Each structure stands twice: as structure tokens, then as C-alpha cells.
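For clarity, chains are labelled A, B and C in written order, and residue numbers in each chain start from 1.
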Amino acid sequence: MVWKNQRIQVFVLLTGLFCGSFGLANAAEPIRLGVAGAHSGDLASYGLPSLNAARLVVKEVNARGGVLGRPIEILAEDDVCKPEIAINTATKLISEKVDIVIGHICSGATKATLGIYNDAKLVVISPSATNPELTQSGRYPNFFRTIAADDAQARQEVDFAIKTLKLKKLAVLHDKGDYGKGLAEFAKGFIEKSGAAEVVLYEGVTPGAVDYSAVVQKIKRSGADGVIFGGYHPEASKVVSQMRKKGMKTVFISDDGVKDDTFIKVAGQYAEGVYASGPKDTSTNPLTKAAILAHQKEYGSEPGAFFLNAYAATLAAVNAIDKAGSTDFAALVKALREQTVETPLGAIRFDESGDAIGVGFSMYVVRGGVYQEVL
Amino acid sequence: MWAELKKGAAVAVWFMFLTLPIMVVKVNPIEQTVVWRWANLVWLGAAVFVLTVVGRYCSRHRTELSAFWPDAHPLLAHPQLKRFLLIVLALLATLFPLFFSSYQINIMTTALMYAVLGLGLNIVVGLAGLLDLGYVAFYAVGAYSYALLNYHFGLGFWAALPIGGLLAAIFGVLLGFPVLRLRGDYLAIVTLGFGEIIRLILENWNDFSFGPSGIAGIPRPGLFGLTLSVDDAIMYIYYLVLLLGLITIFVVNRLRDSRIGRAWIALREDEIACQAMGIDKTKTKLTAFALGASWAGMVGVLFAAKTTFVNPASFTFLESAIILSIVVLGGMGSTVGVVIGALVFILLPEYLRAFADYRMLLFGAIMVGVMVFRPQGIIGNPRRRSYPLPMAAADQEVGHE
Amino acid sequence: MEYFLELFFSGLTRGSIYALIALGYTMVYGIIGLINFAHGEIYMIGAFTALICATVLTIWGLPPLAVLGLSAFAAIIWSAAYGLTVERIAYRPLRHAPRLSPLISAIGMSIFLQNYVLLAQTADFVSFPALIPDFAWLEPYRSIIGSSDLVILLTTAVVMLLLTILIKGTKIGRAMRATAQDREMALLLGIDVNLVISVTFVIGSALAAIGGVLIASHIGQINFAIGFLAGIKAFTAAVLGGIGSVPGAVLGSLLLGWTESFATGYISSDYEDVFAFALLVLILIFRPSGILGRHHNQKV
């Protein structure tokens, strides 16, 4: 223990020397922002956009002189979306004395780490962990998210299918993943409870399989007039394409993971008429435009999944630190709950359980190669 | 020297050709745009050139350089030195948590857990010579047995530990029966399939295992009813795993020198000769599977207790591959080798975090590199090779003994 | 009946793709007894090369058919080059090493190649241009068989035929068979074993590249991780048919494709992979060397 303290002393001394010798005005210690998620491995495409988002926000804030006169520093840690690695990631971030964490990306990893962060009194804002339990269990007062929970989305989709489209026979599909299957379970439950429609097929498709035609044939045989799919756009576009290629006109309803322009681009003509639930349309929001433009400028490509959610999460974090005037846990939590912040998702703040208020949800349909809000 | 430069240039040109499409061109098929990144090609060519020239230079002076990596065996064979080293190691391991952050303790715990897994798999692969690519299944059985028993019946860690081990052993026997007749790589693919089946069942059978969303809130191991803070709990688990590791090393060493251990080794070397000698093949193979699996089961219980959360994503084929790599990389059949292998394999990706995105790339490259330059593993045990040696090599072996 | 036919063809398509990849496994295994875990990655690289080529050529304004031909050709060339290089770097130095060392080296290579493509290209799914045109005359039957399915079936059949001719009828084919039977004896007979092994890797990789191009344009998108699952399945198929046997790999692949497709159709897709592996275990219990595998007589 003695040694540890000595190291800190040496560190402080060196830092002091360093700053003193250069006479930097910006001698304030940076605010450390941990960004955790899958940055490698097969789920990297869901984690890297969030990292990019955080980097962009931080770059902009630092260009303005930082928060509370302190620059922000990003500590990015990879958890490959695996709970056991996420634990290491979390303890590493805590050891490095981060002030706030953006992440984790996958619900499983988030679930595994929240307890540790809670004990360390660290605020965690996830752009993408949608498991309802995370907020609804009330076990994690340190957890916030800028994305709607699975059950809210499933409810929206089912209501839309039954009430607006008047569908009677629904096939519920999922991608066997944490997110997709969770959503599909809720959707199935809601449909069965409603009594207005029946679930004629409930199946999982294997992500990365070389062919989906067998499952498509099965949907056809089940006589479903609508498909509710829980999962992400790669699988959704494969299933839809194969359905349309077989000449099936079954309505296809999906979720936030599909309400992504990449889906339309990848599925092309087959995307026409697909419904998806997603956050309220904010593409006209100047902040959204600026964020996407910044990404294109910095990385030369369109932003990926959860980019706007992560952008909003980082903005909320920065705003909370600014309004709280410190990085103290209680003050941060209070600020997140009380202070409304302008983000690409709209003006948001968080409720008692940690879900975002102001992230509206609506249904979209693909018309003429773009998602249009269904009114 | 000139020849080396020429060779270097040739290799560089080959690699520049090889990486031309993937490194240089980045396309967006939807927007129909192309980015040409010629700079990548230049850097790659230069790097390959330098590496080849240096590499060839080194390999020519291999005999002088190899002095830097002496064979560890003569060193370890020295009894006094060995004892001294062991004492230092024991001290280091015991005092480790007092000086390092919880992050360091945590990854060290993980490494030790993999060391135990490696030692367990070593019974099956290293001693009995049965290539098992689905070892992670038993790990999953252990983890889920604690998670589920705790969820449904509120069973504590200490009660779950032996149950997890036992259940895994039963699964080991279950797997063992159908594969008794299979040899070599057929066995490998069936075990791989078995591992995948277990994971898929956990993923799809929601009523039983809660599917992909997993089971959260598994309690950490208790210490006489005390409530521990996270930091203390991490330290406590570290000592538990250390203890389990020591017990494993002790038991595995004793097993190896026992009657059954000798039967395993004999079975590995020559199955038919074994039967002729009156060794019960079925029993010998099944005990290897069961004993190997039981360690995985116990580590599984510890895993669930450590992460407080389990879901099927933790039990993929890659995990089996990593455990097997630990065994082979460390040196088949050698206890020290497996422990070193586990430390290298688990700590390396963590320390490679500094390289961020390049972490797994380097990890793969290092795996290949170690195998190419040390095919027998870090602590190779030349006596315990698992394939019939050609005559010339066999003569050399005799010379060593 | 129509449903059965639909599933039959869906399984056949699947099986054909598996066969193209499985052949690479089985040929390499036959010759050097190594499970080439990086083979799935070669397939993935083939698909990426084709994608890059197709996009560039389309931008340059070439007609679709030329784009298809040239990008398939490029995929084959580069996949073969990768196969060759992987063998040279990761396997050749280990030819006399303990049996498991090349296996670990292969796993390392697989991790390396996946992350190489991830870093050099992208982590996202990329949409793959529909290189295979839609045949109008197939329209009435499209609920049973699509045009890409048909192209996959025909290509696979042609490739199998060519491969059989190569192995049975040519000098290099004979050298390959000789090396597979007894490497040392082949060496003594003056066969350049290194060359034979290299050729095997080149052919195996080229077949995987064809598979990559076909499946990518069939399913419409690829990413850096597609090689893993396809590789595992193809490997399973190769073992099912009897690893080392070329007709066995084809038979095993088709069997696997049908099992998956019928299991999905008549039972549930939740457990499609479970059925695939269960089939493997069942068959190996009754035929421990696979369906067409050579049974080795053990000698003491």
C-alpha cells in the first residue's frame, strides 16, 4: 500500500514539474471519459460507431476549451461484447479513474458490469443496451441510456401491426441474439395477450448462415400476413430480400436495429414497404446534420449503428458535468435527471429509472428509398 | 548480404501484390465510390522488406541467437534452483494483490482460471492424447449449474462448486461414450460439435436457461457471511482461484504418476499395444474425459461467481480454441508450460490494449509466430511427443535422455 | 409436395456452397493431415476481393457480364495467392512439428486474417452487388428455385467435374494422390512434394473463392466474419463424408445442407445447427471414418 502512495506522489510531482516547466495555462487535469464497447471482433460494427461519436463530441468540446475549464480525454476500452472481458474493461476504467462512462454496447456486457460501476460510484450512459431489466429493476441508480427499452419498442410494433395494419396472423422472427430475441419475446407476449391476432410462427434465424430460404419457405407456408422481426439490419435485409425474390408480399415490420439507412441501401428495391420502429425523425435537426457531417468529414464514411445515440449520450454526459460543476456522482446523477440537453435525438433528460425522456418513438415505412414517418 | 536484399525485395513485391485489393482499395458499392490508399502499399512493402532482411539475417545466425532462449528443462531440472524459483513464485503470487490495482488482480484471476482450465484440458489432450475442441462445453455446464441452482434454489457458491464439477464430469462421460471408437481428427470435430450443441441449447431453450439475455445477479462467493466490497471480493476470488490452481497442479501431477495416468500416456502412444497389455480402453478414456471435464466445471462455477453474470456468448468455439492453444503453446503435457501459456495468452491481449484496434491482429500473429519458432511450445517436453517419431529423430531423442 | 421441393432446393443450394468450401478442407487434410482453420478466411477474402473488383469495374463502366467474370477471376487469383502464402508462412515450417502445432498456427492465422480485413476494410456489413442476373424464363418457378440458386448449382457441378478430371487424369493429380497416400514414398519417386502441397492449397483456395463470390451475390452482403460459420459447417461436411475423400466432401455437404433445410422447414430453425452437429455425431458413431472415408487398418 505504501508503494502505491509513493507512486502517486511521484506521479503528482512529475505532473507538476511537467506543467510547471512548460507553464501551460491548461494545467487542469483532464476529465476522463471512458468509452467501453466492442471495438474488435464480430460485433465491432456496433461498438466502433459509438467510439467515433464520442471522439467527435470530445473534439468539438475540447476545441471550445473543454468543460469546467478542463479538457476531456477519452479512454477507449474494448470488451468484445463479452461479459467476462467487460468485467476487466470495467475494472480497468475504474483503476484509471475515469469520471464517467459511455457504454457498454451489448446488454449482456452492460448487465455484467453495472454492479461494479455502481460500487465505484460511476455514472454509465449506454447508447445501445436495450434490455428492459437494466433500468426497470431499479438495481442500478448509476445507469442511464439514450435508447428505448425492448418492451417499449415491441409494444409499438405490435400495436401498429394489430391496430393500424389490422393484421391477424403474425410470424415473429428473431436473430437469436440478446437484443433481437428479447424483443421478439416481448412482441410474442403482447400479441398473445391482445387476443386480436395470433402468432403463427415463432423462429430464430442463425446470423451469418449462408442461406435463409428454408425459413422463408416456412413463413410462406404458415400463411402469416405479417412478419415481426427482432434483430439487426444484416439479417433483416437477407430475410426480406429472399422473401421478395420468392414473390411473397407479406408485410415486414422490424425494429430500431433495422431503421438504419444501410438497410435500405443493402436491401435496395426489396426494402420498399418495410416498416420499422425507431426514434422520432430528427434528420432535420441541425445537431443531427452537423453530427453526420462531422463524421463524414473525419472518417470519410457514413456513421454506423447507434452513432446518434452515442452522440447524444456523450453530449448528455458533457452537459451533466458542466451543469453539476464537478464530476461528483450524486451531482452528476441529479444533473442528468434534471437538466434537459439538446441532442441529435431531440431535447432529452432522464427519468428516475434512467430511461431517456424526450426520445420519441414512431413507426417508419420505406417509400421511394427513404424512411418516412407513418403518421 | 546482396542476396538477402534481393530476396527481401522479392518478398516485399509479393506481399504488395497480395495485399493490393484489400489494403489499397476501399469501395462503397452503394454510393459507387472508391478510395485508393496507395500509401498503405508503400508502408507495407517497406515493412515487409525490412522484416524479411532482418529475419533472414537472424535465422542465419540462429545458433548464436538461440543462446538467448535456452531450453528451460535443464534449468528446471536443477532441484535447488527449482525450489528457490518456486518459493519466489509463491511469494509473488501471494503478495501480488497487495500491490496492484483491482484491474491487475482481475486479469490475473482470469489468467489463473485459464491455467486451471488448461491443466484440465491437458489431462484429455496432453496425457490421454484425445483432441478435444469442445472443452468449453464443460465450462458452460459448470457456470450454468451455479447460476441456475442459485436462481431456483438459492444455492450458495460453496455448495455449487462440487456440484458443478460433478455435473461437468457426467457430461464428460456422456460425450465420451459416443466417441470411444473415433480417432484423431474425427474426435476433434465431434467434440467441437458437442461444444456448439451445448451453447446452442443454452441460447435457444429460454425456459431453461433464459436464452441469450443470460442470468444476472449471481452472488460472489461468501466468506463466513461477511459482505465484501467489490475490491475485497476481487481479491478474495483471486486467492480462491490461486488455491484451486495449486490443488489442480498437485492433483494433476499425482494423477500423471498414478496407475491411471500411466494408462493414459500408454493409450496416447499406442492404443493397440495398450489393449494387448490388458488396459481397459473404455474406462481409461472415460476417466480422462470425466476428470478433465470436472476441472472445467469447477472453473465454470468460479467464472459465474466472478462475473456475477452468465450468458451463452461466453462459451463460443473461440474459447475452446484459446484453451487448447494455451495447452499447446505452453508445451503439451507440461504443467509449468500450461501455466506459463495461460499467463501469456490471457495477459497478452490485455496488455496489448495499448495497441487498441491492432490488439487481435497482433494476437493472431503472435500465435503463429510462437508456433513457427517454438513448435514444441514454450516449455516443450520433447519426451512427451504424441506422434510416432521418424527413425532419425528418435535416435536423437535417445541421445538426449 | 411443393413445400418439400422448395426445401429440397434450398438444401441443395446450401449444400453446394458447403461443398465448394469443404473440398479445400478435405484436399488439404488428405495431403498434409492438417485441419486448415484459416480456410474459411480464404473464402471471406475471396468474397471481399470480388466485391472490390466488381465495384471498381462497374465504376469504370464495364458491362455486367464482364464485371462478373473479371471479379470472379480476381477473387480466384488473390484467394489462391493468400492460400499459398498462408501455407508458406504458417504451415510449411511446421511440417515436422508435433501434430497439434500446425493446428494452433492455423487458428492464429484465422484470427489474424479476420482482423486484417476488419482493419483494412470495415467492420460493417457491406452490400454485395447482384452480379448474377435474374433470368426471366425462370420466373414461373422462382418460388422453388431462384436464378442465383441455379447458377450456384450449375457452377458447383461444373467445378466438381473439372476437379475430378484434374485429380484422376492429370499428372499433377496423380502426384497429389500419391502424396496423399504416402508422402515419403512420393518423395522417393521423385515427386516434388512441396510443389504438390502448394498446388493443393492453390486449388482449395480457388474453390473457396468461387464459393465466396457465389454466396456473396446470392445473399447480397458480406463482412469480415462470414468465414467462420461457413468454415465450421464446411469442415463438418468434409468430416461427415470422410475427410480426405473428394466425393465424400460433396456428399457430406449435400447431406448437411438438406438436414439443415428440412430440419428448419419441418421442425424449427432454432436448432438448425444442433441438427447439423447431431447428424455428424450419429453418422460417426456408425461409420467412424465418415461415409466414404478410408478405413485405416491399424498396425502395431
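One rule holds in what follows: contacts are C-beta pairs under 8 Å (C-beta built on N, C-alpha and C of every residue); 3 or more make two chains touch, one makes a residue touch a chain.
What you are looking at is a predicted structure, and each value in this text was computed from that prediction instead of being measured.
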Problem - Pairwise touch network: line, ring, star, complete, or other - result: complete
Fill in the blank from the handout: Farthest CA centroid from chain C: chain A
Practice task
Go ahead and note the Å separation of the Cα centroids belonging to chain A and chain C.
Solution key: 36
Practice task
Calculate how many whole Å lie between the centre of chain A and the centre of chain B, each centre taken as the average of the chain's C-alpha atoms.
Solution key: 33
Problem - Between chain C and chain B, distance of the C-alpha-averaged centres to the nearest whole Å - result: 28
Practice task
Any chance you could list the residues of chain B touching two or more other chains?
Solution key: 28, 30, 204, 357, 360
Exercise for the section: Two or more other chains in contact with one residue: find those residues in chain A. Expected result: 40, 176, 204, 265-266, 301
Exercise for the section: Give me the residues of chain C that touch two or more other chains. Expected result: 115, 122, 127, 270, 273
Problem - Of chain B, residues touching chain C in the complex - result: 14-15, 17-23, 25-30, 32-34, 40, 125, 131, 178-179, 181-183, 185-186, 188-190, 192-194, 196-197, 200-201, 204, 270-273, 276, 317, 321, 324-325, 328-329, 332, 357-358, 360-361, 363-368, 371-372, 375-377, 385-387, 393
Problem - Touch list for chain A against partner chain B, complex - result: 1, 3-4, 39-41, 76-78, 81-84, 87-88, 91-92, 94-96, 106-108, 111-112, 115-116, 119-120, 131, 133, 139, 176-178, 181-182, 185, 204, 265-266, 300-301
Handout entry: Sites on chain A touched by chain C in the complex
Key = 40, 42, 44-45, 48, 176, 203-206, 208-215, 217-218, 220-221, 233-234, 237-238, 241, 245-247, 262, 265-268, 301, 304
Exercise for the section: Could you pull out which chain B residues touch chain A in their complex? Expected result: 28, 30, 35, 98-99, 101-104, 106-107, 110, 203-204, 206, 211-214, 216-217, 229-230, 234, 303, 306-311, 313-314, 350, 353, 356-357, 359-360
Exercise for the section: Show which residues of chain C lie in contact with chain B when the two form their complex. Expected result: 29, 33, 35, 45, 48-49, 51-56, 58-59, 74, 78, 81-82, 85, 89-90, 93-94, 96-105, 107-117, 119-122, 126-129, 232, 235-236, 239, 243, 270-271, 273-274, 276-278, 280-281, 284-285, 288-290, 298, 300
